[in-house]
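Going in written order, the chains are labelled A, B, C and D, and every chain counts its residues from 1.
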């Protein structure tokens, strides 16, 4: 049976048989880096294509359909165009920060990839504070956005960056609380442990209503954190033209664009891990036969399937809802999401202590 | 009391958002609602309105004859100076001179497709064609001569 | 009110006004120096209540300008047309933008295109033409060899 | 608070919104003064699409100048042409045949629906929802196709001539209009579900851009902007032209005065337009579609003013004739021009996002403002 685990195992044994351990470590690091970058490119192109298709069908259009079957090479062609475009730096911009900002955003997105478990035993770094690491590092990207907004020497960019700052700082809270409510159940921050704890059913089913509430809060908060509509105030096309990346062009713009999609992928994979069991197949209690059949589907497919479902959900939001106003955005967080998630955490703790979950 | 209102607010909001998502979800699952037309590909089946005003043409019959007497009514009616008529004098068999058109110049680049020239024409010599693909690489190509070379006025048209 | 009633009311109110025959609405000329107080009266008079200025424009008669005010009442639904003659060489008139706020924009437009100065206007600048434009485009003697295309 | 706004002090952010900006729907240029995100002052700068149509019309004959007015408010091009045709007819004292009057009114109402459809989509787009725009275009396309079949053009129809209309109706016209009414009524629910009922949309619109009744009158607001503040200003009711006095319809009035009221007025107006079309479509009388007029029109010396209700409000055409074949002076009182003047008053103290929402409810068409 196809599994990613087998491939890594095979590479590892082959390298160990031929080289000494230092070289193996180095070679594996390079391989992982290359694989991560390749994943980035593929994900970026794929998700942009998916977004355009989803948007098109919801808007009774066809979407890209000229280049390749169903237009799947359209995004590659767009990337090619962006690479060939001139990367303008506006007059009066802080050139160093202006050029640095897209890389910061990109690198942050790359860093968060480390603890995510893509398939059974297929993980770059099984760190014991995995979830904490993800929520800590992912909020660093706001620094890149602030840099971009400040250094562009453009008032629209500045406004967009400031909005983004306020937004990410506040929504980090409820995203964190939603994550904690699952951590309460598992008792571990390690991604692998969280997945293992869903051996006999996913948390969204096992955790009663509190788990569902925290899932809803999580999905709202991460939509806001990734600056997606209806929380795309940092970009707010009709208000701030393009917000913090108004002045960017060419590949530097493409990096922002790519980082947005990578961030969506990452938060959705975290959501899938916490609430839908990551790569864990759909198991129901101790129905051995059923569980066994489900195990035949490769774990990587389970993982990507769940993640893409969540990404689709976020895209669905984007193409349905109008944008919030900046004060309403903060109202939503501080008056609704935060109290609800605090109360929900309390409820979840009670559930965990009393052992009411399955 | 406050709590009840609060929960009500949240539920109402959630309901309104879900109804919105229901609509987009419906379109996502019903591809037959797509209304896009694949324009350059569907040239063969493209249905154009018969009256669509694309450009002014002068219909000629099989004997290379048209109905334009060169009265300049269209030239006067045109608000933009799109039409210029250059007349000549044909010598009739009985020795009389008769006014006829030499060149009917039509500047497509100035035309706003208002249709006033067609309205003004007393002999229905010109009409609006429903062609619409007018882009050319050279602007000079937009200045057209509507009467075909060697064409004559149809017998009996005054 | 019907046109006849309007005429008699207006005649009493503004003795110096002259009426012009023809047109569907009552046309009256008001002397330039009386215009501002008359405008206030037109709006505030209990049986006139002309609170809605729906058109303000200027006509260049080559010898003089006429500023034309089309007034209407949203309460009683009658319309009148007030015309004020101004000198063509030095066109100045009192603003009515404090009486009907919509006049603020319309007066700027008239200033822009005809060069009529509205005294006490809060913000009399060019509205449509660029700030450094020379001349008053809608005057009959305006010539612009660059931008005007003669067919 | 009110004293604070409207003055510029050091440290305020002055931003140019436009002439190239997604929210201005054209080349409107607003200079806004901000304190943080709060708007202190909005100053419109016009003229980026000024073509001096009034001056152009002075050199065009009475038949020719009608087509130019399609280029003013291009979304209600047909109604503009109607206004001009009516004004010329008033001068000529021509009786327009009944059939032509019916056709004109039906076309007017179709144009109004098409215009409001576009506004509805663009309004949602201003607030960040992209999907409604395409859904609105589906219905708008149907109207455009109907227009194209009968008038020969989709946007700048020029279907009106003094004395009637240019051609007779297309044979399929009635059938297609009925099909459109059916399509529209089947989709109207969706509009409410997708936009009107949406909690985010309502919160963005309610209590924003408040205009009192007195202000609306004083600023010369007309159309849905005035009716959203409870000012009865529908010219179709006040001074009916053509067959508007024969049809039954309600003037939509909302008393809210905020953005949401103006939104509701337009949405309900579309339904009233459907109602008018339904009454007329089966009763179009047979007969001429054009009155006999001279080839060269000459208006008698005098002044003629015609008011019509376009999709945006009251359009006035003021022709001053010296007896010649061309107007001596022509003035278009455009609805957008007056409606724009209230923008500053309306959005002071609100956020940038509200400026976009409030401007959306004004339904500005820039060529109409600049002319």
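Convention: a residue touches a chain if its C-beta (ideal position, glycine included) is under 8 Å from a C-beta of that chain, and two chains touch if they have at least 3 such contacts.
Only a predicted model underlies this, so the values are computations on that prediction, with no experimental measurement involved.
Listed here as common contacts of chain A and chain D: B.
Chain pairs A-B and B-D differ in how many C-beta pairs they share in contact, with the greater number at B-D.
When chain centres are defined as mean Cα coordinates, A lies farthest from chain C.
Computed from the mean C-alpha positions, the centre of chain A lies at a distance of 51 Å from the centre of chain B.
Centre-to-centre separation of chain A and chain C, using mean CA positions: 63 Å.
Rounded to whole angstrom, the centroid-to-centroid distance between chain C and chain D, based on C-alpha atoms, equals 25 Å. Chain contacts: chain A has residues 58-61, 319-321 touching two or more partner chains.
For chain D, the set of residues that touch two or more other chains comprises 131, 138, 194-195, 198, 200. Counting partner chains per residue, chain C has no residue touching two or more of them.
Across the assembly, chains come into contact as A-B, A-D, B-D, C-D. Residues 13, 15, 21-23, 37, 124-131, 133-135, 138, 194-195, 198, 200-201, 203-204, 351-356 of chain D are the ones that touch chain A when the two sit in their complex. Within the complex formed with chain D, the residues of chain A that make contact are 55, 58-61, 155-156, 159, 229-230, 232-233, 236-241, 319-328. Within the complex formed with chain C, the chain D residues making contact are 46-47, 50, 52, 54-55, 215, 217-220, 222, 231-233, 238, 302-305, 307, 314, 316, 318, 320, 328-329, 331, 333, 337-338, 340-341, 345, 370.
If you check the complex, the residues on chain A that touch chain B are 54, 57-62, 316-317, 319-321, 336, 340. Put simply, chain D touches chain B in their complex at residues 60, 63-65, 67-68, 131, 138, 141, 145, 148-153, 156, 158, 161, 166-167, 170, 190, 193-195, 197-200, 202, 295.
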